[in-house]
Amino acid sequence: MTTRRPKPEKSQGKPKSRKRSRTSGLPPGTLVYIGPEREGPVHITAMTYDRSGVTEFPVLDPEKVGQIPKDHLITWINVDGLQNIHAVETIGKQLNIHPLVLEDIVDTTQRPKIEVTDDYTFIVFKTLTFDETTSEIVSEHVSLVLGEHCLITFQETAGDPFDLVRNRIRSSVGRLRTSGPDYLAYALIDAVVDDYFSVLEKLAEGIEVLEEDLATRADPQMLREIHKLKVDMIVLRRSVWPLREVLNRLSKGDAPLVQKETIPYLMDVYDHTIHVIETMETYRDIVSGMLDIYLSSISNRLNQIMKVLTIISTIFIPLTFLSGWYGMNFKYMPELSWKWGYPMVIVVALTIVSLLLYLFRRNEWI
Amino acid sequence: MTTRRPKPEKSQGKPKSRKRSRTSGLPPGTLVYIGPEREGPVHITAMTYDRSGVTEFPVLDPEKVGQIPKDHLITWINVDGLQNIHAVETIGKQLNIHPLVLEDIVDTTQRPKIEVTDDYTFIVFKTLTFDETTSEIVSEHVSLVLGEHCLITFQETAGDPFDLVRNRIRSSVGRLRTSGPDYLAYALIDAVVDDYFSVLEKLAEGIEVLEEDLATRADPQMLREIHKLKVDMIVLRRSVWPLREVLNRLSKGDAPLVQKETIPYLMDVYDHTIHVIETMETYRDIVSGMLDIYLSSISNRLNQIMKVLTIISTIFIPLTFLSGWYGMNFKYMPELSWKWGYPMVIVVALTIVSLLLYLFRRNEWI
Amino acid sequence: MTTRRPKPEKSQGKPKSRKRSRTSGLPPGTLVYIGPEREGPVHITAMTYDRSGVTEFPVLDPEKVGQIPKDHLITWINVDGLQNIHAVETIGKQLNIHPLVLEDIVDTTQRPKIEVTDDYTFIVFKTLTFDETTSEIVSEHVSLVLGEHCLITFQETAGDPFDLVRNRIRSSVGRLRTSGPDYLAYALIDAVVDDYFSVLEKLAEGIEVLEEDLATRADPQMLREIHKLKVDMIVLRRSVWPLREVLNRLSKGDAPLVQKETIPYLMDVYDHTIHVIETMETYRDIVSGMLDIYLSSISNRLNQIMKVLTIISTIFIPLTFLSGWYGMNFKYMPELSWKWGYPMVIVVALTIVSLLLYLFRRNEWI
Amino acid sequence: MTTRRPKPEKSQGKPKSRKRSRTSGLPPGTLVYIGPEREGPVHITAMTYDRSGVTEFPVLDPEKVGQIPKDHLITWINVDGLQNIHAVETIGKQLNIHPLVLEDIVDTTQRPKIEVTDDYTFIVFKTLTFDETTSEIVSEHVSLVLGEHCLITFQETAGDPFDLVRNRIRSSVGRLRTSGPDYLAYALIDAVVDDYFSVLEKLAEGIEVLEEDLATRADPQMLREIHKLKVDMIVLRRSVWPLREVLNRLSKGDAPLVQKETIPYLMDVYDHTIHVIETMETYRDIVSGMLDIYLSSISNRLNQIMKVLTIISTIFIPLTFLSGWYGMNFKYMPELSWKWGYPMVIVVALTIVSLLLYLFRRNEWI
Amino acid sequence: MTTRRPKPEKSQGKPKSRKRSRTSGLPPGTLVYIGPEREGPVHITAMTYDRSGVTEFPVLDPEKVGQIPKDHLITWINVDGLQNIHAVETIGKQLNIHPLVLEDIVDTTQRPKIEVTDDYTFIVFKTLTFDETTSEIVSEHVSLVLGEHCLITFQETAGDPFDLVRNRIRSSVGRLRTSGPDYLAYALIDAVVDDYFSVLEKLAEGIEVLEEDLATRADPQMLREIHKLKVDMIVLRRSVWPLREVLNRLSKGDAPLVQKETIPYLMDVYDHTIHVIETMETYRDIVSGMLDIYLSSISNRLNQIMKVLTIISTIFIPLTFLSGWYGMNFKYMPELSWKWGYPMVIVVALTIVSLLLYLFRRNEWI
């Protein structure tokens, strides 16, 4: 299970719901995949484990999801590739998942949410990673269906955070192996939220670079970078803010399938989301302060330019007039034939220049 | 039943209540049609259906609405053409609808709301469609009166979303045919909310076009387009925000006529309205970021213009002074008769130009 | 009873509390009239009515308010002319109204509020009318004291909305005649709120005119008009926002003297105030968008002006230098005596102009 | 007892907590006077009164506060001069006041608050007066300790509002003399809140003056005045907003020592604080609107200046070029020797001027 | 125990979580130190005290923390040097602290929070000091674990506020010695909050300096200083705002280990945090007002510059044209040979200058 990302969705916050209108006019419960174009079959892997051991195997046929051998107490079924509507529908039927829940699973524009029923708890959230090549935040849609002895997860593509948890299950008999599927759900959410901090750090780097740039230059490109930072923060907020609500409800014990021992852990990850949100608020304030600096530095530069123009004009325009004056061709113009006429004009010109320079200096223009 | 829209109301958010003052001084319960000018008679259609079958027939005389044969369990009476006050009043009397409710039905400026009584649940909401020819969002006023076995709907003109539901009733024995009028009401609201996404996507397209334009040019027309986008979002928010409240109350089980099985569906459409609202908030942030870019690009352009002026002036004003100086007609002006006077001036002029160009380069002006 | 308005209070939102300091240092319950200067005696009219008939008579002496013959079940006493402190105090004593309530009745700067006691419900609100001659919103202070069989109303001057209700009582045996004084209070509030819509429509007209003006011209006067619109909206908000709260409490059944049948009507007028508030919010957003357009159109115009200046300067400054150059009077200046010197200069000048025009065109300046 | 104010604290909202750090590192309950520098001894006056009479006497020694003869039912002890820490501490000990309460009494930066215990109710608030000589709002710190039969008040300096109440006690057997110390506390708060209106009216005057100035001129000084108004409003808000909360709690009957008959009076003064707050909000909106007008009038003026420059330049630069052209000294320049050369140039110059004037007129520049 | 601060963390609000990503992928409960690079061993000191006496001793080996002799009733164990993960982990195990709590103790980016369990109350908060040498606010991470007879504190480095409390314990038998560890926890928090006021006063000084500067000059550097002030306030708010919540919960009696007698003290320090927050809000409003003044003073200066340019240009450009005109070399130019030609031109030039000066004066330009 590798970490392919065929065509990462451009999560610029804008064209999210582009294909949302495909569902228009369809009866509720009709599955329609909403998201970036993707191809390839669905990948289903099952993992059963408990204190005594771990068994893993791929599930090749969606029809056979219902017959997964339950070697151990806890079963984790992971499904990658939401574009394969038919497979998701089959899995849903086998595992008795409500059609409206399936609709949310294949709608990658669905915001994070929680739905608690007596039989299962359904949680939607987003993974966020920073794509170094495109400098963009890549968001992916993840759904969890938490049953009594079983957790079913749905992803757009296979991804890092889940692999980390999978390795922890395989490698040692830690808390993960001794707790129920609710702790597994927590571990997955926690791994995803940990990634949010990486994205946050990327934003912080961007802000630092911009602040240094602001101190030295202020070209129009910067405004676009500030705008991009803002949009990135909007994307992040849209993912984290509702997740915070989800975790708040979970950590308050609203979901009967979440055991009491897991609640402190959920409160911990809830705390992390608050940390992300507060840091983001701080960044937002800083970025909007940078915008003020940028805008006022443009004004300052205009002032600088105008000062140069005004100094040059103010010095030379009177001088030009003076020389033009004695360029007049009047027959009777006594100064022209004076012996000291030309030296006098030189003195007048120097006086004007000195006076103006003095005035500029006094007004702190130069 | 076609989709005529004789004179679509310009839902620019402003002149909505233009004719609201017509009701001034009238006793409450007096029916006054408030809305865009429309003509033509009222159209009433009745549909009764249940699991066993569907019967449809037009009702030509409003007086006979009370005598519609109830072939099947569930009756859906649809009324198009609110401008026909007398007909609406007659229907209201026949079906025992409170005068204040009728007042809200014919007031197309009425905001979305819900009123729950023991006998019926009254819901007002808005359809929104994007009119491609005028590039405007067209809003229409829809009212539902949900009784125990019957749903009465009032529209300004006949429209698409209702036709889609009607076809689903006709075509198959799905959930619509097996559930009560509360599910029918849900299906109608859901169809309308699905249309909101189309409007949202139109807005997203407008934003994308504007963003591309911003990158290449920034003319005053853009500000008007940004303003139009903002006003469109205000129209959308005015329709969606109160509808969210309506659906929240419905999905909390406040209305006794809504059955428990329908509630998950209402929660789903409530979720959709939250999605619309959050996406709109995101758009608003992006649009206000674009406004910043636009405004600062105007300032930048001014800087650009001033730079050109200043460079030209700063280079030529001293040169012009120089040539004016030796254009003076003093008799005793020794330089004029020097052999190397003219070449010297050329050298001085070239020196000034070189120096200024060097300074401009150093300040990164050119 | 005519609609005189001797000196309408300038309700510009600012100097409202000008005379408020007159009460400073006085013990609570001391009646001090706060409001615009007015003269003339108090007018008291009484109206008793029920299903069987209506009796109206003026009350000439405030001392005799307590002895009004109660021919019919419901009594409505209306008092115009709050500046007459002594008369109001006498009426208050006769009818057993608490001194603090009387203080609020004669304080025209008192914000809308409700006070519920076991004996009566005291409601303060504002009438708003648009004065066509001064283009200003005129606000008047109205107080209702609702008893079990009696309603006492206090106005600054006699006014339209109350006359409309009075006529409805006189003319027919409608709901007004068959219901209690709580319905009468509702009818009065409803009549006043209906007038708010007229004011709202005036604002909408003002906004439309401004929007059209913005498209064609943008002079400094517009900013003042935008400012005036904003201040008008503040006045409106100050009247409507607390009234909404008053109606919310009334429609929740907080006042024991309000009967259950009247509550749907109060909810209806509560709904109207929400409509007014939401429309106003929309207007505020639109107006602040207009401010952005106005401010940026000023910047655009500056750009336009600077462009013209720069084009003219950039074309002529080099040419002027060129001609100045050959205006120099050096003895040894070979070009001057060349045969083709002058045509050469013409060619150079034309080349410069062509080149600059080409550059301007390329930069889309002209 | 006169109204000395030796060194009124500059309540500019900024340096309030300058000496707050003096308490740093001290154990809680250590009394430290925080506030403007003041000198002089403490003044203690006691007043006992009831329906039957009033007795007043100064208390010279703080040690003897505990032995004040209680001639009448209600005792009011007033202490002026908080800078005298030792005296305040002695009084506190004599009257059994908690050290933390004493700390708040001598900390003039303490925000308005209420503390309710079984034995007493402790209320902190601020008097506000407008100092005509410095045009500044002067704020003073007042504390009330309300016991069962006794009210102790602490002031920075003796002041007007308390004298007014004192006179009312002396002069007549009104409600003040017949009610308990809770009504006395109300009367003092009411007197102070009445003064807020005077401050508000001063602000209103300042706003009016500024608005008139805006209409005629817009110099940089105005911005400072707008800023000062804003800071004054911040000072006012900091005093009124928490007092509103205090009064809200009092009027809800939270304090057991407040009798039921006093509650309508407390609600009345609570209402006054809301009036102050709402008026202030209105002022804030108006002032920020004025800021917009001011800023845009600066831009407009720049446009005006640039227009003048551009008109002058655009007219004369071509003319100057023209005359420079025929100032060239080429030997072979046929126009110079034409008979009609000079008149022709005059005609060309006039044509240029006319054309430009026409263009300016068309663009509405002149 | 000195006050070394080897490398104070730059608490600029931005790069706080730089190393947060180090925890990514680790199972929860894995201790990772997050914070500025620090070296050196951990310092553990223990202090046991009660009314009868005080015993202090250093603990050299973290393994022996569990065997601290309990000479007196109350034990305070203080740990400095969070970078030493292994030592912290050992201490945690000895004292039975939950791994998630330990994780928060060594994460210096953790926001202030409270966790209440049956066995202990865990509180996180921040010390803030103003570093005079770097003009920056230095924030440090402090954690308290409050047990029944014992308080364990964790600091990044040893610091002033704690030393002050330690001295009070040593010096006298005050409330500290007679109360439980909850009062000790209060005393530590109170000492830290007292330091916040010092930081606030530094901000106030910065604001005052800036205000004076604004009145005299307005250079681009000021904007950076305003920005720095804003960022400092963000840092402060991030520390104080959540601490306020912590204290609110504590003073409401949520923590069973906090005794009733301590609650008034906690309410007092809660009140102090509100004071800090409100003062900060005031500062924020003032600073944003200063930004307006700064920005408009830039615009004003531009106007000033443009005025100078325009006055100079407008006076000399017509004069230059005039002199250029009579510099033309036409053969037939009658004025040139007039006797009074030159004086006439002088008169015309003076007239133009006078007229323009008059116009400038009238427009109040000079």
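Labels for the chains are A, B, C, D and E, by order of writing; each one numbers its residues from 1.
Just so we're on the same page, a contact is a pair of C-beta atoms (placed from the backbone, for glycine too) under 8 Å apart; a residue touches a chain by one contact, two chains touch by 3 or more.
Everything numeric here is computed off the predicted structure, so don't read it as measured data.
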item: Gap in Å, rounded to a whole number, between the CA centres of chain C and chain A; value: 43
item: Cα-centroid distance, chain B relative to chain C, in whole angstrom; value: 27
item: Two or more partner chains touched - positions in chain C; value: 299, 302, 306, 309, 313, 317, 320, 324, 327-329, 333
item: Arrangement of touching chains [line / ring / star / complete / other]; value: ring
item: Starting from chain A, with chain E taken as the next chain, the full ring order; value: A, E, D, C, B
item: Complex contact set, residues of chain E against chain D; value: 161, 164, 168, 174-176, 187, 190-191, 194-195, 197-198, 200-201, 204, 207-208, 211, 215, 264-265, 267-268, 271, 274-275, 278-279, 282-283, 285-286, 289-290, 292-293, 296-297, 299-300, 302-303, 306-307, 309-310, 313-314, 317-318, 320-321, 324-325, 327-333, 364-365
item: Chain B partner contacts - residues on chain A that touch it in the complex; value: 13-18, 20-21, 23-25, 27-29, 98, 100, 103, 109-111, 113, 115, 220, 223-224, 227, 230-231, 234, 238, 291, 294-295, 298-299, 301-302, 305-306, 308-309, 312-313, 316-317, 319-320, 323-324, 326-329, 333, 335-339, 341-342, 345
